[in-house]
Every structure is written in structure tokens, then in C-alpha cells.
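Chain lettering (A, B, C and D) follows the sequence in which the chains are written, and residue indices restart at 1 in each chain.
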Amino acid sequence: MNERQAKLRSIAGSLLAEGRVSLFIGFGPGLEPSRPVPWFAKNADEAGKLVLDPFCGPGLARYLLDETAAGPAGIVARGCDGLGLERLVADKRVGRDQVYVVGVACRGAVDPDKARRLAGRPVFGAEVNGETVALTTAGGRLSFPRSDCLLDRCLACADPSPRTADTWLEEPLPGAQREFEGVEALEKLGPDDRYAFWARHLERCLRCHACRNACPACNCVACSLDNPEWLERTTGLADHFMFHFTRAYHVAGRCVACGECQRACPVGIPLMLLNEKFMKDIRDLFAVPDPHRPQEAEPLGHFSPDDPEGWREGDETL
Amino acid sequence: MSLTWEPRIVGFACRWCTYAGADLAGTSRLEYPAAIRLIRVPCSGRVNPSFVLRAFQRGADGVLVAGCHPGDCHYTSGNLFTRRRYSLVKRFLEYLGMEPERFRVEWISAAEGHRFAQVVREMTADLRRLGPNRKMREET
Amino acid sequence: MPRIGVFVCWCGLNIAGTVDVERVAEAARAIPGVVHAETYKYFCSEPGQNLIKQAIQEKRLSGVVVAACSPSMHESTFREAARMAGLNPYLVQIANIREQCSWVHTDREEATVKASAIVAAMVAKVRRDEPLEPLKFPVHRKALVIGGGIAGMQAATDIAEAGCPVILVEQGPNLGGRMAQLSETFPTLDCASCILTPRTAEVARHPLIEVLAYSEVREVTGYVGDFTVKIARKPAYVDWDKCIGCMLCQEKCPRKIPSDFERGLGSRKAIGVNFPQAVPNRPVIDREHCTYFEKGKCGVCAKICPVGAVDFEQTETVREEKVGAIVVATGFDVLPREAFGEYGYGKYPDVIDSLAFERLNSSSGPTDGVIRRPSDGKIPREVVFIQCVGSRDPDKGKPYCSKICCMYTAKHAMLYRHKVPDGQAYIFYMDVRAGGKGYEEFVQRAVEADGALYLRGRVARVYPEDGRLLVKGVDTLSGQAVEIAADLVVLATAAVPREEARGLAQILKVGTDEHGFFSEAHPKLRPVETMTRGIFLAGSVQAPRDISESVAQASGAAAKVLALFSRDELAADPLVAAVDESRCSGCLACQPICPYHAIEPKALKDRQVASVNAGLCQGCGACAAACRSGAMKLKGFTDEQILAEVGTLCL
Amino acid sequence: MKLMRAGALPRLLETLGRQAQVYAPATEDGLVLLRPWTGQAIATSYVNPVNSLKGLVYPQTEAVLEFTGGDENLSLREAPAPAPQVVFGGRPCDAAGLALIAQVLLEGTFVDELFRRRREATTVLTVACREPGPYCFCRAMGVSPADERGSDVMFYPADDGYLVEAVTARGEEALQAVAGLLAPAPDTGARDACRELRIPLAEKLTTDRLAARLEGFFEHPYWEQVARRCRSCGTCAYLCPTCYCTAIFDTSRGTRGRRLRGWDSCQFKDFLLMAGGHNPRPAKKQRVRNRFLHKLSYSPANHGAYGCVGCGRCVEKCPADLHMVAVLTDLGEVLP
């Protein structure tokens, strides 16, 4: 059976039973096996229903914003959740001592819709083995390339494990350097084609705020994008540009690349291509090797006397 | 594009350097195109990047952010934050599809009236060539 | 409902020659909220101002836009006029249609359209202005001077002489600083203590100067006019109030230890003063070397003291003071000896630094002013002086010139010749920098009258041979290798900030340069001010300086302090930042961006928010641009105002 | 009842497009959306377009009135009348959603003129379902895959085209305009197949006596627990074919401006925030509870039908999987 899941249930159960946390955040059973849901266990019984398998998709870190108010919370953290927590701590929105982190080594989450489409039928289980994913269906096990099955955000992931944890469910996996292939491809287009690309995607924006409300960096008490002086409630393309420009700039140097915004977007806007552009330029202009990992000195909260004038080179490299 | 069309440039000018430089251009009677309209701010570090987008949204054909030369900031470090912010913002705007000529960051001191006039002339010429901006602009 | 008045100035033909001012006024009347618009030849004139005042009163205006010249010309004129008419002066905005419109454009139509747009933008801005009052801060007419060297004493004296009380904090046990260690001074060869001692005495007995020796500044809060300072008095283990300064304790103390003041060339007792003329003339026990503190036995000093002033139980005491201004004059240090292995400094006793040479020259020094080399007490016949030891040496991390070394080395060569007439001084130098009144002449005297031999070049090595020191170097002018057998080698080591200065900079929230010297507000125009209003610099804390420069700067700092103290209240521009606490998340992204350290966290009932110290804020607005939620507002330049200007200019 | 060959669809839209703006499903970045049709390929293999029919009849933002002038010479003008439009490709659940909104906005004491004008300018050509999507649960909410409510013309997918049937007079009129493309129908098999289509997910849900069982459930701790995972975004409401809450706001440029009405979501934390600062539903629990009780309890009580048509969009798209099926499933366990 699923040993990781059993171990997690036992750790979370003990934490709750011992009163070390008042709540444990993980995944629980959803509509179908391929769609576990965010789960908030308040006692050992509820911890006994925790799910930990390759279908665990939604990002969890942002929930800490609400759930640490009443007392310490436990959380099962993949790399993305760990960085999200670091973001909340760096922004002084959550106290690190208010969170008990159970670190895991994540090999990527399977996208339930991609899996169903590939399998052509409901999928009951999945196993990520290196470069392939085995899906369990009523018609037996089917194998597909990893790159076809995982959530978009997991394909670009460089952080399988959190950087720190209070306990480890398993041996953490080392982090890697992020690549920005998608950004580079878009940079190669001409201005009009780039604009057409973004106009087409942003035209679909519903301004539902799913991206903002999924984001561990969008943790402000009040959001300027709710202020009609900054952004009226009109929903024209120019408003959507304003929204997404501002959102992306506000997380520039702060985005932890968890990709939850893009996963949450109901209309398929490639939001990470916006966030990653800032990341890539921060890396290149300000020599910050891993701009998505919260730094002691926030990239936009500091300067160096030798900073380049990025707009001068910008003309050529773009 | 009609023959009478003239570009509209919104400029954010730090009061100590660029705004004073523009005043000097005035006292020196340096002629430059009327396309530019300045907004006086205490420091280029005050200029929120979303102000720039707002200008494009509302119909600016070009936007200029200008302040003291690095090292000369009245507040010591404001323009060094400007440099960081707008290094990113400039590239980001272009990434969204804006033509590079439409957004400029310049260091113009209080003594550089000529330079201010020159930047406005250059920008206006570039924008006349590009024509009206339609990108990220709301429909009227 | 806003009631805005617009006043379009002709400025004679300066504006009206290019801009159709009547059309600008007409367009202004169509702007929602504008209830009055008129034109006049010169609104800055007396009758022009009266027109504005009249309209403010008759039309009950809630805001005024004057379309005229640049705000740098007459903004204050029109604000004052509004104030006199009963309108808050911050409800006046200037539309700059002269410098930035009529003077730079020739096409009447274009200039008129642009002028109207500028006016509309300022109407949009003034609609979002709120009445503001100048910030007022009380001034505590008392100054804190940190550092009891010549600069600190000069500043303290100047301030006190003007009638304002001064607290002078000195971390060591006595006043005098570096100058107390010097023998003579350039370029006059005055005896240092002869000019220092009267000044020290003057400070000590000045009724308005309170000297807190053996004390340190621990905490500074507040802002210009109203600083609160915590000063710690370190335990001397002697009750200075009881002590009569007889120094019997020093005499009888059985414990002799090397003296830092004498640069290790002489010794001192575990209890006592650094030098005989020390002010205050009160002893300190060196706890680290005292037998009583080491072994719990001895106590000779306590027994011998006629007034029972020795107190081994004494502890640190902290007092709090309110001051209105702070002068920092903590001086400099010289590079530690570990840095110069190649010269044998610290290895060979006869390689000493220039401060030690000062002590050898001093009549109150370890050799009573006779130049003797440390190893065997012989009078040196050949002395090699090496300049730029560490200075102008990027490899040692000190690319700067220490400035004072050229002059004091010339002085040393002269003093040496005066005392050892048949001796020979050699000076290795890179350049001789003798800019200053009488300085070049002084150096020439050393060469011509006192026979100092200047060799341009670097010394490669110093090593002992036959009881002397062999100095190997190159004379780059002749290109020849030089080898000198010397009895004594004197190193002009780099002047560096004092070790404690970095901590003090943090306490004061004042910036330092990469070497640790305190940063002035502007290198040319504000050389004695720091970026923090009310904190000033004097002497070598800012960069290496000689005595006359230190004194001049100290007087400059004192003048700045007195200018502050000439007022009952400080008024400041109210265009500063403020936090809308309901929108603030307390992330403090604004904090590292503020150049004035004006932002601190503040605890609310359930969370933390940022708060701005209006006394420190200078209104740059960097914080407002860094604030994602728009909680940080820069008054007079709010997001809403700038957005409204942008929107209006784009119409 | 008529038969139309699949190949005739572009001709049909083109013909109807002479008098009206036509919308049809189009594929874009892997998504199917109802888009203005300008001759592009018409998507046929989809469960439901991402955007429901709602947005075309009840737009995300629309002008209520226009104004010019300043404070003293303000002049108001009614927003221009909507142009006629024809929407092809919506599903029966979406059309039923429109019918529900119409019931709320047109059949009470207050008639929403904006909605009425646009509803009357719109001809809804609905394509009935031959296959259930993984998240479809219409039958659980009393809606059928061949539901005719809200539609003007029904298109039942047949082997090589559609069985076409007008539901309303407006539909009849539309079909007359394209009579040349229609042939007599051989049988009603295609329609019957749609009508009889099984919806597996709906069969797992029990909505029996739901309103009665929900009595007294308002303060149940269930709401607090389930609301924890809600992120207070507007995905569910904005995708929902029946959510109709809006807010009014003004926008101006210089001396010209508009009063607009735009979608709002009861899940946003400031949805009920009042000018004085009071917010009657500050907690997520209250907002989530409102969403589901509105659809399952208040709507049946006030309008005689669930405020949900089982289209499955929230099921598919809620980023936290807090959707109608999840709640109905939970209620099955929690409710008496």
C-alpha cells in the first residue's frame, strides 16, 4: 500500500493528539481518486483520512495565512509549499514558529484532466517513475511520458523538497536551478507577435482573482487591485493588462514559482510566463542565482551601486 | 494615421533634477516638441511602475521616467531603486509587446536642459514614426 | 463639492505671447469642479495676488491652481497669498505653463492645448489635496558631542560659548583624544600639549559642558530637535566624586602593564591615568590586569586611598538625556600591526609606527623626549621612515590617501634632526602631498634645513642584520636598488575609522562608506551634515583630517547645531509619508528602501503595521512606490493624485 | 422537426449573421469558448464552452447609462440598445441557466430592463448532449441533457448532422430564414437519445427532499470545516451559468462617463462590505454557506428551482475543489 501516506497519517495524528498543532493541512479524499482536496485535520480521526499520492495537486502554503491565527498548524510540504511558507514568513504574515513542517520529496503531481484525457477514461491511481507515469484505470495500467501527465507547474519545478522542515517524511531531494525556456521562446518573437500572444490570453481573463488568491506572495491585508483608483471594475483588455502587469510586478522578486496561480486560472492564462520573465531578468541583471527562493535581501528592496541599466541592454536582448 | 496626429508623451520628472532641467530648457528657450507633459514627483523612486501602465492604458503613446544621475539623488538612493525597478519594467513592457521606443528611462540633471530637450525631440521623432499606440490602451 | 479657482498668468508676453491665455481659462471653466477662472498680466505682483485672495474669499474656493511659471519660482508666493486669504496653503498647485510650455514651444495652437492639459492635470491634483499644516518639532537646546578629542572639544566649546548646554561623551578615561598622544604639531612645531591642555581645561571647567568620560552612547531614538540618548558610564572601580586625584593609588599599585597610550613603549599601572595632565584627573582600574580582580587579593589601592574612593563593586550605570542635536567626533585609529609582515612590524622591536614615534618625541613620553630605539635604548643614527603603509594600497583594502602622513613624517624627520643633529632620516614616499597653508614650505624645510633624504619608491623588505635593520627598496627616480642599514624604522600606517565607529553608526542610523568612515549628506555642499537631520560630523570620523581641518569642521558643525538651536520649534514640510493602517500588512517592504530609517514596525492589537517617523521622513516617496497595497501615502504626491494627473494628461 | 447536415452549419450561421452578431464555439489555446463567429472553424467536440451563455446575455460589464458634463450641467443618456445576436453551441444546462436568471430578473415585481433588452435581442441555438462530461450532473438538479428551457432552437446531434427543432416563435423565425438548409427529419432518434442520456455523476447524488433536510442546517459546523479550503476567488460565480449578482459602479474620462453594472461574487470578502465599514459576511464560512444554501435552499423556495443546472464548470475549475458535487456528496453524509 501507500507507505508514505500511512506515515504521514501517523505523524499528523501524533502532532494533533499531542496538541503540538491545532490543525494539520494536507490533502483528503475528493470527488474521485484523481482529485484529492485540501484537507484540514483537527484530530487524529481526520488525520487518518489524509491522502498523499501523485494526484495531490493544489498548493497549500497560502492556507497558512488564515489557519495559523488560532494556533500552530502542521502542514505537509513539498518544495513549492515550503517556499510559499518562506514567502509568508519573509513578509511577516506567518510566524515560522507557528508552523510545523512535514517535508516530503515530491516527484511531481499528475494533472487529473491531462490524465483522464490521455487514458480516455477515469483514472484511479498514478505512479511517477522517473520519466514515465503509470496510470491505473479500469482497463489496466497505462504508461505515459511524465511531460504529458504532470501539472504544468511541476514540469518546471526545481524544488522537490522544502529547504527546511521540522521533520522529514522521507529523504529530501536536492533543489536545482530553474530554466526559463518558455520565456526565452517568447522573447524571440517580435513585439507585435508578443503582444498578440498576451492579448489573446488576457482577453479571456475573468478577473475572478483565482490567481491572486492562490498566491502565497499576494498576501496583503488589502490589495491595490481592489482599489478602483488603481483598477476600475471594467473588464476590457486594457484593464486586464493593468491587472496582470501589476500583479506580476508585485510578485517580482517575491514569486516562489509554485505555479499555483496558473494552476488555479480557469481560463488557461500562462501566468508563470509573466512571473518567470521577472525572475529571469532579476537573475541576469542583479546576479541573483535563484530569484524564486526568498532571499535575505529582497531583490527589489535593495540595490547595488554597480547595478546595470537594464533598459539599455534590454533593447538588444529582447 | 492622420496628418495632424501628434504623439502624446507622459513624463515623470524628479523635482530636483529632471523637472529643474526642463525648467532650465525653458529659461534657455530651447525649443522642443509639445508632445511631452511632465508630472512632477519628489524623486524618480516615487514612480510606481503601474503609473506607467496607467499612462499607456489611458492613451499615452510614450512614457518617460527621468531623475537624477545615479550618485546624485537628493535622497541618496531613490534613483538607485529606480534603476533596479525600471531595468525590470522596461524589459517586461517589451516582453508584453510594447515597442522599446515607447518607454524610456533617462538621467537628466538640473543642468542638462539641452539633454532634456534632446530626449523629448528623439522620443517624439521615434513615436511619430511608430504612430499611435494601441497596445494596452483602452478603447475610447 | 470642490470649488476650484484657476488663475492663468500672462507673465506679460512670456506666456501670453505664445499661449492663448483666455482660451486656457475658458477650457478651465469647463472642468468639473472649477468655479472660477481668470487671467491677469502678472499674478505674482501685488495686485495679482490680491485678485487671487479676493476670489478665494468671494467664491469660497476650496483649491487654487495658478497657471504661471515653474513652481520653483512662485509656489511659495502663491501659497502664502492663499494662507493670507484663509485657504490652506497646501491647497494651491502651480501649473507650469511658462518654463515647460510657452518658452519651449512656438506653435500657438499646440502650446495653448498643452497649457490647458497642464492646467487640467493640476486641477485634478488639487481636487485630491488635503489641507496640511507644517510639522512642528520642539527643540531641546542641548547638544550631545560624542568624542573628546580636539574636534569634539572644539564643537562642545563653540556650542557652549553660545549659551547652549553640551554633554560631551568620551569613551576613554580622559579628554584629548589622539592629539594628547602627539609631541609637536605641523607646520608650526607647537608643542601639542601646550595648545591642547588649555583647551582641555577650558572644556572641563565650562559651566555649560558636562564631560562624561569613560562613557558610551548605547541608544539613540527620536529625531532632530528631540533625540533621546542613553549613555552608559563604564565602571572605573573608583568613585570619581570622592577621588581627589592625588594618584597615590597609581604610585603604590604593584602591577605594571604595557601602556596602549604609549603604544607599548612604556608601561602603566593597573590603576591610574594615561598621562600626568589627564582631564579629568581621575584613575581607572584596568580590570583585566588588576591582581585584585584576577586573584581576589591585593587591594593596595583601596587601602592607600585617603578618601576611600576605590570601589571594586562599581557597576555600569545608564542615564538618559534629551538632546536636540548630535555631533559625532570619534576620530580615527591606525591600521593594526598584524597587517604589515613585510616590514617586520610587530616582529622587530625597532620597527614602530608613527604614533609610537610621537611618544618617543614627547617630553612626557616613555623616554622623556629622548629618541631611543626600543630594543636597546640606543640613540638611532639612521632612521628610515616609510610612508603610505596601507594607504593608497587597494590590496590592503585602503585605496584612499590618509592625508596626514606626509606632513607628520616631514615633522618627524625634522624633530629627529633637531634632537640627533648627526642623525640621518630617510623617507620612502610615493608622492609628497603638502597642500595646506605653510605645508609645502614645511616639507621643504625638512629637506633643506634638516637634511631629510626623500627616496621615491616602495620598500620591499625589512630584516635584521648585525643589530640593525636592513631596509631594501627601490628608488624609482634613479631606478636603483636602495639598501639602508637603519637603527629604527618608522611606519606611517593608514588612518582607519575606530573599531567602535561601526556600531555607533548603527546606533545613530547614519551611513558609512565602504571603509567605515561616516558619510556626509553631500560631499560638497553639506560636508558636516549627515543624512539624518540633526546629526553632524566633525574631524576624522568622516575621513582622515589634520588638526586644523578637524577644528574648522568642528566649528562648522557647531554652527549648524546653533542654527538649529536658534529656533523654539523646527518647522518641516508636511509633505511626508504616512501609513493607512487599515491597508498595511506590516510586511515592511518599505523599511529597507527608506534612506532615513524613518520606518519602524508598530504593533496593533492583532497585527503589526509600518509606521513613519515624520521627524525623520524627508518625503522622497520611495516607500510609497514600494508599497503593494497602497497603504503608504506620500502626502501631496499620493497614488490617487498622480493617477489623476496621468489620466488627465492622457485625455 | 427537421434535419440539417453538419456541413450546412457555416451556411446557417452565415445566413443568420446577416441580421445579427453570431457566436459559436471556437478552440483557443486548447480551450473551447463561445466567440464571435467570423467564419472560423466551429468546435464540435466539447462538453461545455468555458464561458457559459450567461456572459452573452448578461455581460460581465455593461453600461447602464452614459453621462457628460460637469457638476452643474450633467446630462444623462440611456445606454444604447443591444444589437441582435445569435448564439450557437450552448448546452441545454446553460440555456436552462438563462431561463433561471430570466425568472429572477424578469418575473418578479422588478423587471431588469437591461437583461430584458438583451435577452430579447438574443436567439439561443442550443446543442443538446449525446455524451456526458466527467463532471456533468444536470439531472441531479432537475435539468435534462435535452432540456428546452431557455432555448429558441434545439439542435440534437445526429450521425451526419443535427435534428433541428424550434422551441419558441423567435426560434421558428430563425429557422424560416434558413429553411433551405433543412430537410424533413426521418425520425426522432437523435432527440430521444439525448432525452434518455444517462448522467452517471448525477446518479450518485441524492437531492431528494433536500430543501426540507437543509432546514436547521444553517449553523452546522460542516460549513466552517468545508469553507476552510475556499480561497474566496470568483471562479465558481463567474463560470456559473446561473449566478447573477452584480455591482454598480461609475467610470469617467474627463467630462464623459458611464454608469456600469458588472458581475460580482458573493465569495469575495468585500462583497457585502458597506460604506460605513460593516460587513455582514466577513467570514469565509458565511460566504461559502451562502453560495450553497442560495442554490440549494433559497432558490427553490423563492423561484421553485435549484439555482444550479449541473453544468460541472465549478467541479472542473474550482482551484480548491470546493464545488456543488463535493457539497452535495458531503451533505449526503452529514444531513439527516
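The rule we apply is simple: contacts are C-beta pairs under 8 Å (C-beta built on N, C-alpha and C of every residue); 3 or more make two chains touch, one makes a residue touch a chain.
What you see is a predicted model, and the numbers here were worked out from it, not measured in a lab.
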*Compare the CA centroid of chain D with every other chain's and tell me the farthest one.*
C
*Which integer distance in Å separates the CA centroid of chain A from that of chain B?*
36
*Starting from the mean Cα coordinates of chain A and chain C, work out the distance between those two points in Å.*
48
*Measure off the straight-line distance from the CA centroid of chain C to the CA centroid of chain D, and report it in whole Å.*
70
*Give me the residues of chain C that touch two or more other chains.*
593, 626, 639, 643, 647, 651
*chain D: which residues touch two or more other chains?*
253
*Do you know which chain B residues sit against two or more other chains?*
49, 54, 58, 77, 81, 85
*Mapping chain-to-chain touches, which pattern fits: line, ring, star, complete or other?*
other
*Chain pairs that touch, all of them, please.*
A-B, A-C, A-D, B-C, C-D
_chain C-facing residues of chain D, complex_ = 69-71, 253-255
_Touch list for chain B against partner chain C, complex_ = 6, 8, 10, 20, 22-23, 25-27, 29-34, 37-43, 45-49, 51, 54-55, 58-60, 74-78, 81, 85, 117
*What does chain A use to touch chain B in their complex?*
183, 186-187, 191-199, 224, 230, 234, 236-239, 241-242, 245-246, 248-249, 252, 277-278, 281-282, 285-286, 299-300, 303, 305, 307-311, 314-315, 317-318
*Could you pull out which chain A residues touch chain C in their complex?*
91-93, 219-224, 227, 229-230, 250, 297-298, 300-302
*Would you tell me which residues of chain C are touching chain D in their complex?*
1, 30-34, 120, 647-648, 651
